[in-house]
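Just so it is clear, A, B and C label the chains in written order, and each chain counts residues from 1 on its own.
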Amino acid sequence: MAIPFDQILIQTVNGLVNGMILALVASGLTLIFGIMDVVNFAHGDLVMLGGFTGAVTIATTGSFWLALLAAVLVIAAFGAALQATTLRPLLGRDPLTTILATFGMSLVLQKYALWQWGPSARRIQEPLTGQFQLFYLQYPWYRVLTAVLSAAIIGGFWLFLRYGKYGIWIRATMQDRIMASAMGIPVPWVHTGVFAIGAGMAAASGVLFGPLGGVTQNMGLDFTLRAFIVVVVGGMGNLGGSIFASILISLLEAYASLIVSPAQAVIVSFVVLILTLLFRPTGLFVPTPK
Amino acid sequence: MLRLDDVHTHYAKSHILHGVSLEVQPGEVVGLLGRNGVGKSTTLKTIMGLVRPSEGHVRFEGREIAGTAPHRLAHLGIAWVPEDRRIFKLLTVMENLRTGLDRPGMTEARRRELLDKIYANFPVLAERQGQAGGTLSGGEQQMLAIGRAMMLEPKIILLDEPTEGLMPRMVSQIREIITLLHQDGVAILLVEQNVPLTLGVSDHVYIMEKGLVRHHATAAELRADHAVIHQYLGV
Amino acid sequence: MTARRSSTAYWTGFAVVLASLTIAPLVLPEFWRRFVTEILIWGLLAMSSDILIGYTGMVSFGHSVFFGLGIYGAAAALLSVKPPNLWLALLYGLTAAGLAAVFVAYFSTRLRDIYFAITTLVFSQIFYVIIFTWTAVTGGENGLTFAQPLLSLPGLWAARFTPETLHWFVLGVVTLSYLLLRRFTQSPFGMVLQAIRENEPRTRAIGYAVERYKIVAVMLSGLFAGLAGVLYAVQNKFAAPDFVFFLVSGEVVIFNVMGGMGTLVGPIAGAAFFLLLREGVSRYFTEYYLIPVGIIFTAMVIFMPQGLLGFAKRRLNQ
């Protein structure tokens, strides 16, 4: 059964778009892991909270851009507060504890969202409607916009890391937390800051994803799972790796959904994860130490 | 200025320091000698807040600092140059130096001043400004590590085996740097295996064995006392 | 002398608990009778998970797979063979869980910590998706319903389960499981598992074949989890994909933490605590019970990581 070319084309672009949104989520997660060894089980729920914050903002103000800004700021602040209260005391304890603690947080956040906003999905109106001509097909502008925005946010963050004053602090802390502290860098605050940035990026993805899939209280799990897979495949702490892996996995899933149902297409990413863990356990781009 | 009183430190279940006491006055160069494993590095790490002592006191300028976070100590004026240098390998030489320059109260002018001074003293670092720290040779990394500590404008530098693994030419360069720092009024607590170097630059020296300070004398006295040197250091 | 004394105390306590659980169905109203039986089943599941998490130090979110396969395996037996046979259900359920355990065991030897945890989570989700979408075989979203088998001793006699005999059957199985698992954890084998948890590289350096121990631990854990699944199927007479969703594993981990890891009884107490808490809290919070319960759990992870019975860990392990 031959698959029509236009389907393949659409799925390629879809894959790229979804990949960029996933990259936005995963970069935050991989950074958080790289700098403080925290596996944030609740990361997807930050995406969800961002989506709801955005939905609420757009319902009151009507502006998508304001919604995006509000979501990022509110959830970044929330993330900082969360890290400072629940995760800081756990620094130095074994990784099992942080997984459990963030898992507990995830449950609470999900049910809180259910309580606050109810079980039905919220929609976010896209700022750009209409479609454009992609070869001989029509493709929505908004989807392209999400990819561009995601890329811009990640790009901006990368520049900040490279050239910003606090960028050095973050990079130094990531390489050698103890020496960074000995040089006067306030490591606990760097940790809080990075968590906040990760949370903010997650929130942004939630808002960007809103018009595409709606915002529901249990959307977090999907994002968390996929982000985990990306982080493992791309290499923990490896920003570039996670971007590449996000796109790779999203493309594979998009193509798979041509053959099987979307619910089953998700197995593709699982398979990629398992293959990676079998043959390149430290990630595709980080050479496995012999 | 820096004073340890009966400090006991444990690493997991091992009792490493069994009651270390020593003192460093402002501007002094104090040596800390001893064989491998007697607890010299642990002493420095305890001072720097990397390990919390289980007993005893660590005081800096009269204040108790045991267990204080390292970044606060850096701001108070204590700089640490660890045994393995611990250069930020993926940061450039310039960025490595900058980590010490982003402190409260620093102006851009002052930063420039300090950087220029370092580059004047260590021209090699100026040459390799834009290179990643990991690409430097052992000796260059040691210079960078010391230079980085100097960016903190510290009152005391904890120097852990700076000449380890260095060629003799580099060793004399380190000696010069220590002399330079001494002239600037920076105190130094120097942990070393290199006995002649230590006796040459220090005002007085502590000798450790099995987690305790066993002997304390001025450098002059020790230079004459070969028996003690042989007993504790086997040379 | 102290060892002997706390041992007597332990067995006395054990006897008291066992006795109260035995009388329970006779004195409690139907709702609470079922509740206690369910606590026992979840307790068994939590105990099986404790072998991995508490004793060997391997966090696994995959217990929902073993549990779920136990349920579906039993369902397969009870639906395909008439009259529905208890022992066949056990066989099918344990085999299914066992096969999954082999798969997970393989990964346990190659992955550490976080990677293992994530993989088991992914594993749960793979099974969830398969079971959810393979409607023809598994009934998909709606699951499967089937008849309860007869309590039978092959060849001797068979009788329908009454609420009391069902409870006693479950109690019997769980108690036997506990005693068996206790034998394992008290033995040199158990000591090695704990050594692996404390310091794997050193245990390996001393000369233990760490991989083999891990494999056995996973198999044990998986089989008993599957057993819990079979019991669940027999009691409730239905199977649903919800049981394979990783959240079930998550809840099991909560039982472990709340009750006290590495104690075997702790997780059962944790299950009881959680289920009672949920029962009580949901009267006020309805379906949002997880908000306060989740907060309590997270707080316990941070401030009381040894769990409710953790203080008695040494005693319980003598």
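Observations, loosely collected:
The rule is short, and it goes like this: a contact is a pair of C-beta atoms (placed from the backbone, for glycine too) under 8 Å apart; a residue touches a chain by one contact, two chains touch by 3 or more.
This is a predicted model, so every value here is computed, not measured.
Put simply, the chain nearest the middle, going by average C-alpha positions, is A. Summarising the inter-chain contacts, the pair of chains with the most C-beta pairs in contact is A-C. Between chain A and chain C, the centres computed from C-alpha atoms are 33 Å apart. Chain B and chain C, compared by their mean Cα positions, are separated by 55 Å.
Mean C-alpha positions place chain A and chain B at a centre distance of 43 Å. Residues of chain A found to touch two or more other chains are absent. Residue ranges on chain B touching chain A, taken from their complex, read 48, 50, 69-71, 73-75, 79-80, 82, 86, 88-91, 95, 98-100, 102-103, 148, 152. Considering their complex, residues 39, 86, 89-90, 93, 95-97, 99-101, 103-105, 107-108, 110-112, 114-115, 225, 228-229, 232, 261, 263-264, 266-267, 270, 273-274, 277-278, 281 of chain A touch chain C. Within the complex, the chain C residues that touch chain A are 53, 57, 59, 107, 110-111, 113-115, 117-119, 121-122, 125-126, 129-130, 132-133, 250, 253-254, 257, 287-288, 290-291, 294-295, 297-298, 301-302, 305. Across the complex, chain A meets chain B through its residues 165, 168-169, 171-172, 175-176, 178-188.
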